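Labels run A, B, C and D following the written order; every chain starts at residue 1.
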């Protein structure tokens, strides 16, 4: 049985395990004040071409989203998200638990548009009773999105401009950023994210690390007290070095690119096979998440050898998510493709 | 320079690193639903002699404290803690950030007494305006405490009885539990904690793991929805297996006991040296934290080779904390003891 | 200029002012522990035919909603509301500020259906990853709704049954309950609300009082610590007597019924005039809120003498809200109706 | 039986009731946007000699404290208070319920000193691990304090200077401000409060109004979004006019001064009688709260005719609080003084 359910089914890239072992008895101060973290932050900022930004390491995605959003917003402010956004549906109300409403707007393929955000912000300002509603103060996007889609550089630039015009902060969830960066269709680079957002994060958990997300914050004002917030929200790892060592490794010798490229190459192989064999897709996605629709018969056969995430049940069959990653085995992909050929509709 | 500042200056016990490497490409489902977590939980419950309890793995101590306390309390309820308790002083208000007041009572050597807790609970019930004050609903202890002291079985039993009589939940922070269990003076076993508390946790971060705390909850009612809470508070690791693998290793072949024993044996050597050479102690502690008072001259000399945590500054000198752990090197302890001899008061 | 904007444009029913003046120098204990509150609570419970329920007085509607919802829910739980529900749109995220997500479902004429609630609860229970989403634990309805519509007794009974089957609490916002009760179409009585809900409130602010909402809670368990919560959320009036005196007056000699009947009678007159003169309605409502659509020309003319609440702007004209109340002057309604006749479409 | 328990045992000053009755049918917009509120705010700012400040009306003291503190602080920040401060002991953890720790320092006669605040702020800044502790960001004082004592102008100026030097906001709770202002010993005027604090409030509830506190905020930045916060925290009265009318009356024709003067004159009579007849005081207070210690015999006799608030129980007797107010009857004071004479220690 091979698990294609998600991109966190295995441990870590072997180079990361090796780095952890090599440094195991090196003593360091705690809580991310060590030299490994400093080195990793420097490498990340160099990769972002943004030497004046600030890097903070967190353990996981929900934690990063909750901590950034509640650190940046005032109590009466809310965050705009696509209705399919991770913070709106899959974080057990973590953002609300910090007191902030997620202002969910209908997404298109998991994405928001600049026009949509502008209209919402404008309507709030025009409302004479606006104090009775939550003030929109931040926009949350994911790159890639929960449906595997991408914002183009033009789209991200437009959204960034609207945010600056309307006093909204822009925050990008990059839990799967390695796969977005490695995707052929993508034209948004790390330096664009650093330039166009107030904060974004570089996912480690799903991109080769055991765990960890590197939050990049643009302004000193937003970064200044962020460590208090990490501590308060339970995200300050005593052995913060673990994050420094992992991200230092990911940002050495192009490992983060390699990790993304492997996942995308195998996803592309499956994507081609799905199309060539006439499978319908629930969502068009160019990255490492694929959403084919299988008939009950097909699903039953596939499920003898593979596990997927059920995405939506239909009367005859279901849409599932197939995920590749840095760890996906070529041989498993071969087997899957062969079976997809065998099972194609007559 | 050797760091005696705390018990989280290195990585993990080599057996833990090995277990992580050995299982690295084994695929598992995420979020702690894997077989490694199941196995580790079973081992922990067996060690606690408490097969009907429930184990939940969290990443760190502040996170564990905040998640347990806010999961168990209702909004109008607060948690009683010694004024020196970790939740009261060193968690950046994490408990308050979830809406609950820490009801700090003056500790004695970092400890609360059953009588003190009873008096507080009684006074609240007797107050006709009690609705204007926070309702005490939980007691938070640490074993060992922030000053390295221990609750005896008799003390813990008394406190547990008071808690049950007054409807207070009892929660024990065991971030340094390995060292408490290994201490010669200690008579509180894992099974006592499981029996006398509503929840406690078994520290991994400071006791040989890379990170991780295993929360043991007695009642199905308190455990039932706890995973929602872990997720909401940002503590649900995608690769939850990492916690299962680590705790499975710690609870195999007596590793958790060995880890504690090593730290205590070296602490005992330093403790004896401090006493034999006439050093005063800021606090009497039988576990792996020592609080000697050094003169400025002594501190200056020691600081050329060792690093400690500054505990309290005095006019001439300071109290510092010396911490040993599973990772402390015998040779470093030899060097420290030699220097302590050399520097003793004439 | 006559204000039809809402039902809180004036002070209080003269009998209430008189009662406040008559009792002004009577000394009472504070915080709602006085005899006036006791008397009012008894009268309300008698009116509800529910002697074993509990009454708590709060100052306003947002406060009542926020206090009840956050008192009843656990941190990982959310409240289901129609998307147009007051808690979802017009309370500046008060519910979220207490940590809870409002689970907004698309309403029909401002109403939820039992089927819709059941489907949502069922889907949550069936989701194997349900711990990653907010647990639905309460249903919030308004009677009458924000669009002036009513739940029938059959609809409310169905919803109550679904709630009981799925472990959801049922809470009804009765800010405008006097007008719902007085409406010809209504078949839901106070005793039905007491019987079918876990809590509901009887609005005072919009129904003849200066301010105040009387929350009726069914179960002793939910009521037991509610006063702690009122105090903590800032809703415990020092001179709680003011609420007792007002609600005691409203529930004497049928005043609450008279207040509702006056508002409904005048709303009915306007409703008939709107229909007879061919005006379109944005929403069909049988209670004291009317939502006619006026052309720009009509609106301009009407606005010289009357003020309404803008509901939705259209290219030529707008939907507005006309509200009547216990205080609405017959003469103002006469003038409005005459102008509606004059302005009708040729 | 005459109640001396507190200063909220009666309704409102008759001029306030009259003003409410006189304006009862005047229509106004809601939520404090009416002309009565505008007029009252203007009068208050004139009385404060602070035309550029901002006035916001809230219903009660706990609500005002919670709303101001949570509006001004960031999540990782806490508020310094005397341990006897109302927010620390008598608000059911309202401040903590908004996520902020109350940093309680030992008060002297209910007061903090500038030196104490400075030492605390300095220690925080000097702590290299300060991110592990709550950042002090505001100082909360009461004038008069919970023990009836007063800050002198010199003391308040010193505290204000420390606050500005250390980046702490200064907030003064004036629930009993009328009695502080009217006290012979007092040298702090309204204009001093406006000048030296970032926000303070002028108590109405205990000073002649039915309810209401007028918050005066110095800076436009702190005031800008405060109405969102009032609404979110449940403090925005639909009929906000009620607050405008009451404060407009209190700040016309010197009524606020008269209210305070009456309470103080009668308190002074009792104070003199207590001293002349040899009663001991639990706390020395120059304002409208008196804290005599009575023997059991005295208390029993007094309690046949008068009710007090029990402050602290002793073996033989108790300290009680006697409170006067705008409403206290001269005849009741006469009777009390006579009995105090009769009961004096032989």
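Note that a residue touches a chain if its C-beta (ideal position, glycine included) is under 8 Å from a C-beta of that chain, and two chains touch if they have at least 3 such contacts.
On a predicted model such as this, the values are computed, not experimentally measured, just so you know.
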item: Third chains touching both chain D and chain B; value: A, C
item: Centroid comparison with chain D (C-alpha atoms), farthest chain; value: A
item: Chain B and chain C: spacing of chain centres that average the CA atoms, whole Å; value: 50
item: Centre-to-centre distance between chain D and chain C (centres being mean Cα positions), rounded to whole Å; value: 34
item: Chain centre separation in whole Å, for chain C relative to chain A (CA means); value: 42
item: Junction residues of chain B - those touching two or more other chains; value: 75-76, 91-93, 97-99, 131-132, 228-229, 231-232, 236
item: Chain C-facing residues of chain B, complex; value: 31, 70-71, 74-76, 98-99, 131-132, 135, 225, 227-232, 236
item: Touching residues on chain B, where the partner in the complex is chain A; value: 2-3, 5-6, 8-12, 14, 17, 20-21, 23-30, 59-63, 66-67, 91-94, 97-98, 205-206, 210-211, 228-229, 231-239, 241-242, 327
item: Chain D to chain B touching residues, read off their complex; value: 75-76, 78, 89-93, 96-102, 129, 131-134
